[in-house]
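What follows is chain A paired twice: with chain B in the first complex and chain C in the second.
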Partner chain A sequence: MNELVFFINNVVIAGSVTGSIYAIGAVGVTLIFSIMRFAHFAHGDMMTFGAFMVLLLASAFPGAGSAFGVPAALVLLPVAMALTALLAVGIDRAFYKPLRAHGVKPIVLVIGSLGVTLMLQGLIRLFSGTGGSSLYVDDRKEIFRLALPFEGVRAPVVITEPQLWLFVITLAAVVGLHFFLTRSRLGKAMRAMSDNPDLAQASGINTNTIVAVTWVIAGGLAAIAGTLLSLDVTFKPDLSFFLLLPIFAAAIVGGVGHPFGAVAGGFVVGFAETLAVFNWSVLLRPFRDSLPEWLTQAGNLAFVGTEYKIVVPFFILVVILVWRPTGIFKGKVI
Partner chain B sequence: MDTKRADIVAAPSRLPLREMLLFVALLAAVLGVYAVMGGAYSTRMLVEAACYAILALGLTIQWGYAGQFNAGVMGFVALGGFSAMFFSIPINEAFWGSELPGELGRVLLYMVAAILVVLGATRLDRIGVPKRLRTIIAVVLGVVLYLVVINAFRDVTDQIESRAGFIGGLGLPVGVGWIVGGALAGAVGFFIGRVCLGLRSDYLAIATLGIAEIIKAFLKNSDWLTRGTATVSPLPWPVPGPAEVGFTLARAMYLSVTAVMIAVIFFLLSRAYHAPWGRMIRAIRDNELSAAAMGKDINRRRLEIFVLGCILMGIGGAALGSFNSMFDPQGYLPLNHTFLVLVMVILGGPGNNLGTIFGAVAVYIIWIMSEPLALFLMELAVAFGEGAFGWEAPTNMDSRALQARVFVIGLLITLVLRFAPKGLLPEKVKHVA
Partner chain C sequence: MAAIIDVQHVNKAFGGLKVINDCSIQVEKGSITGLIGPNGAGKSTLFNIIAGALPLDSGRILLDGDDITNQPANTLFHRGLLRTFQIAHEFSHMTALENLMMVPPAQSGENLFAAWFTPGLVRNEEAEVRRRALEVIDFIGLHHVRNELAGNLSGGQKKLLELGRTMMTDARVVLLDEIAAGVNRTLLGDLVTNIERLNREMGYTFLVIEHDMDMIARLCDPVIVLAQGSVMVEGSIEEIQNNPEVIEAYFGAAS
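Right, the complex of A and B next:
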């Protein structure tokens, strides 16, 4: 049973955590992809920016959380979301909109977003330094240890406070987005524009507003994802580069343009990563006596070492591009 | 039809004033650097700029000729550097004298056999196995064989690491490593291109970004092959080294080697550009549908040009790696080896080989000179801040100042795309009325 607890800790919980973060990031990427038709490479850095804003605010108001009994970072998250949304709209106005107005190919926008990536990265590192720092400025990270009520189980299931918040906020964000896209007028207009921008414009939808709303949503979600990731581990200015590939893989797996596909894709990629680096020989240990010797002797049955984690999203990306380039939910943009 | 059809590429009829002005300015800048920094330093800068020019030529045919955006130049550069290292450094007797080469060969044979078995399993439907069953068999076989082979492989590589350090080199002439480096990069490019080139161009950017990180991770963590973070040095040069003839002369000789390479590549590319093949490539770039309607095999041509560009990047990376005389997988950074090359190409003029070479040399000079400049400006800002506001500067100011260059490169990319999308020396395409 201890092995099962180990499995829950290392795969179920870790996979859900990475999966949720990839899911929130991929939703933003997929929305931008479907409205503006380009792969937004600066998304990872918008996540870092959101987390950095939270770090700054939490350093300025360390006591903000105690009034509500939650970490200060969470109380300040909405402010950081607004700031990141503002940044996203500003970046669009300053860099992407003129390019769009020139009628360039989408790939030029991709290169432009790479330029924006570098600018954001440079700015964040200029102000934060290159080291890591914790978002828990003044309060403590709670760790819950749940002992399972079975005989012979010694190891508890470990889950931390930010991870619980992560699940709650992910769920809230996804449900909220669902109602926004299906019930509200703006959400419907967004879906119309993603289906057919010309027709949407002809039927009186203000495409500029839709673009701005998309950036606001994408920026807000990016701030959530970045902050929750930094709460779970630590804040580092170069978080983003390692997030880009999994997030794009998740968006493509889910079918580009499908927010729910992106959520599913995020969990697929997140769980694939944790399952691939999990050492499966641990699970074989209880059956040591009944298995042939060569199988139990194998010390390390992990598919890839943790240092090669980045291979997993790439492998998924290649498989999905070969096997089904539209993604599992039949995305619109190919 | 006795009148010769006008070529759609403009003939250089006018005096190329713009080119001449820009190159004279560049020459003045180079001479200025020589005057200020001394011969050895400036020659080193020029050699590196020449290697970057080869990389930029590789990217300009991908982006400028064919409109494919490769966001993972770094990976191909690293492959070239690895190949230059592996073929040129001396043989490691501690490895070849033991039974380890046989063990390694056995595992590699297993690997090939496993791949063949899995490939065979994917063809099982030809002999009447239902397709669904075939897929299940192939996947299960793949997973099991992968685990078996990778465990055997880990055992052997651990042995190599503990007993011989790493497998050493092959002790061959440097040129062999450069050529194989190009071939390796081309092979990886072929794989990526096969997967992505039929799809939207964004997917190629995502995939190349990923493969570059994977190549770097592999080279960094395969201590048995590359000594990983311990780095390998010195790498031999194709010309007499600094120890024999002095820094300036050795570097100058290296520079002439790279200059000859650039001249050959430039000549071949210009020929290809003006040939029917080049016209076809540009036709596909400018209007894919009409090119397809003319019966051109678009995906095949795209694959050709992508692989060609990757080969050039591999060769350039190998030349750069040999010149650095040290193989350090951690030294390969997206900023220095992907985005810098991108700036060179889009600033110089995508699709214009001369413009690309100009861009490479000019941007590299700016890049090298910006380091002391950034540090100086940062110190100035700190002194001002301390004097005026009593602000206490953080201690790691040096590393932060260098981050300002990241910002500048990003700003440069966005500004060039916005205000000079065709670069300083635009590609010359005459429109036939």
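Right, the complex of A and C next:
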């Protein structure tokens, strides 16, 4: 039973954490793609920017959380979301909009976003330094140890406070986005524009407004993902940049342009990663007496070593694209 | 009668290819004006320029006396200038009814704050729009497919949906780009009847690009013939059909 708890801690919880972060990131990437038809590489650094804003705010108002009994970072998250949304709209106005106005091919925008990535990362490094810092400025990270009521189980299921918040906020963001896209007129206008931009414009939909709204949502989601990730580990200026590739894998796996596909893709990629690096020999330990010796002798039965974790999303990506070239859900239109 | 659309000396080139060449046309208020011409005459380009989908190189366009040169399509929509597309456009992932419901202008739901803070108001408008969309879909005879995804409709039905879209709002001028192409004869009869009714009962002005001469003859007066990017002749359909220049442009020189 202790081995099962180990499995829950290292696969179920760890996979859900990674999956949620990938999911929120991939939803942003996929929304931007479905409206503007280009892969936005600066998304990872928008996430970092959001987390950095939280770090700055939390350093300025370390006591903000105590009134509500939650970490200061969470109370300040909405402000950081607004700032990141502002940054996203600003970046669009300054860099992408002039390119779009010239009618460039999507690849030019992709390369442009790579430039924005480097700029943002440099800018954040300039102010935050290259080291890591905790978003828990003045408060403590709560760790919940849940002992299971079974005979002989000594190890508790461990879950931290930011992880719980991550699950709650991911769920809220996905449900909220769903209602926004299906019920509100603005959301419907977004769907219309992703379906047929010419017709949307000829139907009186202001495509500039829709683009701005898309950036606001993508920026807000990026801030959520970056902050929750930094709460779970620590804030580093290059933290989210390394998530960029799995996030893109998640968006593509789910079907690009399909928000719920992106959520599914996020969890597929997140769990695939954790399952691939999980040491399966732990689960064999209780059966050590009835198994052949060569199997029990192996100390490490992980599919790949932790250092090769980044390979896994791409393996999944290739397999799913061969099996279903449009992603799990048929993508392209919200 | 005054001109509701006044195109003045418009020029447009794609690279070295001059598609619209010092073209001036006037569409009179309340008329159904035909725009014909051989392939490559620049009809659709002129349409796209008037509708704000293409920037022009030089010239001026007036809508009811106001300068609308180079205004985007969504602004023109709210000023009552609507267009349909040569190849029927639809929101393929929405139902026929939802397609129509996307159209109406100036709804508070489109305003970010109203959508979140006054849901009651938005819901009432939504019900009103739905009622109107149901009327329109009856009018264009697509009631039986109203809940089908628009992408699954036939080419002819998509054309009807295009016309329906123009009926969702109080348009002043509607540009119809080959609305009859690919529509069968029976449906075409309905289409023509609907256009005439809209013109008569709602006071819509139409500018119609069409290759179907029967339809032009039945609907349009006057007819403008475009060739090589500028106006060749303008007049009633009889005058056009008997004009030797037009016959030559369409059928080549009678040697």
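In this text, the second predicted complex is superposed on the first by the 332 of 334 C-alpha atoms of A that agree within 3 Å, B and C clash if a C-alpha of one lies under 4 Å from a C-alpha of the other, contacts with A are read in each partner's own complex, and residues count from 1 in each chain.
Operating definition for what follows: a contact is a pair of C-beta atoms (placed from the backbone, for glycine too) under 8 Å apart; a residue touches a chain by one contact, two chains touch by 3 or more.
Remember, predicted model here, so these are calculated numbers, not experimental data.
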Checklist entry - Once chain A from each complex is brought into register, does chain C clash with chain B or fit beside it? => result fit
Checklist entry - Does the superposition put A:R185 against chain B (first), chain C (second), both, or neither? => result second
Next on the checklist: Is A:F38 touching anything from chain B or chain C once the two structures are fitted on A? First, second, both or neither.
Outcome noted: first
Next on the checklist: Touch test for A:L321: chain B only (first), chain C only (second), both, or neither?
Outcome noted: first
Checklist entry - Angle at chain A between chain B and chain C: what is it in degrees to the nearest 10, using CA centres? => result 90
Checklist entry - In the superposed arrangement, does A:A60 touch chain B (first), chain C (second), both or neither? => result neither
Checklist entry - So, does A:L86 touch the first partner chain B, the second partner chain C, both, or neither? => result neither
Next on the checklist: In the overlaid three-chain picture, which partner chain does A:T117 touch, first (chain B) or second (chain C), both, or neither?
Outcome noted: first
Next on the checklist: Going by the contact rule set out at the top, does A:G305 touch chain B (first), chain C (second), both, or neither?
Outcome noted: first
Checklist outcome for this item: The chain contacting more residues of chain A, comparing chain B with chain C, is B
Item to check | Overlay on shared chain A, then closest C-alpha pair between chain B and chain C (Å) | outcome: 8
Checklist entry - So which bits of chain A does chain B touch that chain C touches too? => result 333
Checklist outcome for this item: So, in the complex, the side of chain A touching chain B is made of residues 33, 38-39, 41, 95, 98-99, 102, 104-108, 110-112, 114-123, 125-126, 129-131, 241-242, 244-245, 248-249, 252, 298, 300-301, 303, 305, 307-308, 310-311, 313-314, 317-318, 321-322, 325, 333-334
Checklist outcome for this item: In the complex, chain C touches chain A at residues 51, 53, 72-74, 77-78, 82-83, 85, 89-94, 98, 102-103, 105, 107, 109-110, 112, 115, 122, 126, 165, 169
Next on the checklist: Considering only the defined contacts, which chain A positions touch chain C in the complex?
Outcome noted: 184-186, 188-189, 191-192, 195-196, 198-207, 209, 213, 333
Item to check | chain B - residues contacting chain A, complex | outcome: 67, 69, 71, 146-147, 150-151, 154, 195-196, 199-203, 205-207, 209-211, 213-214, 217-218, 220-221, 334-335, 339, 342, 346, 394, 396, 399-400, 403-414, 417-418, 421
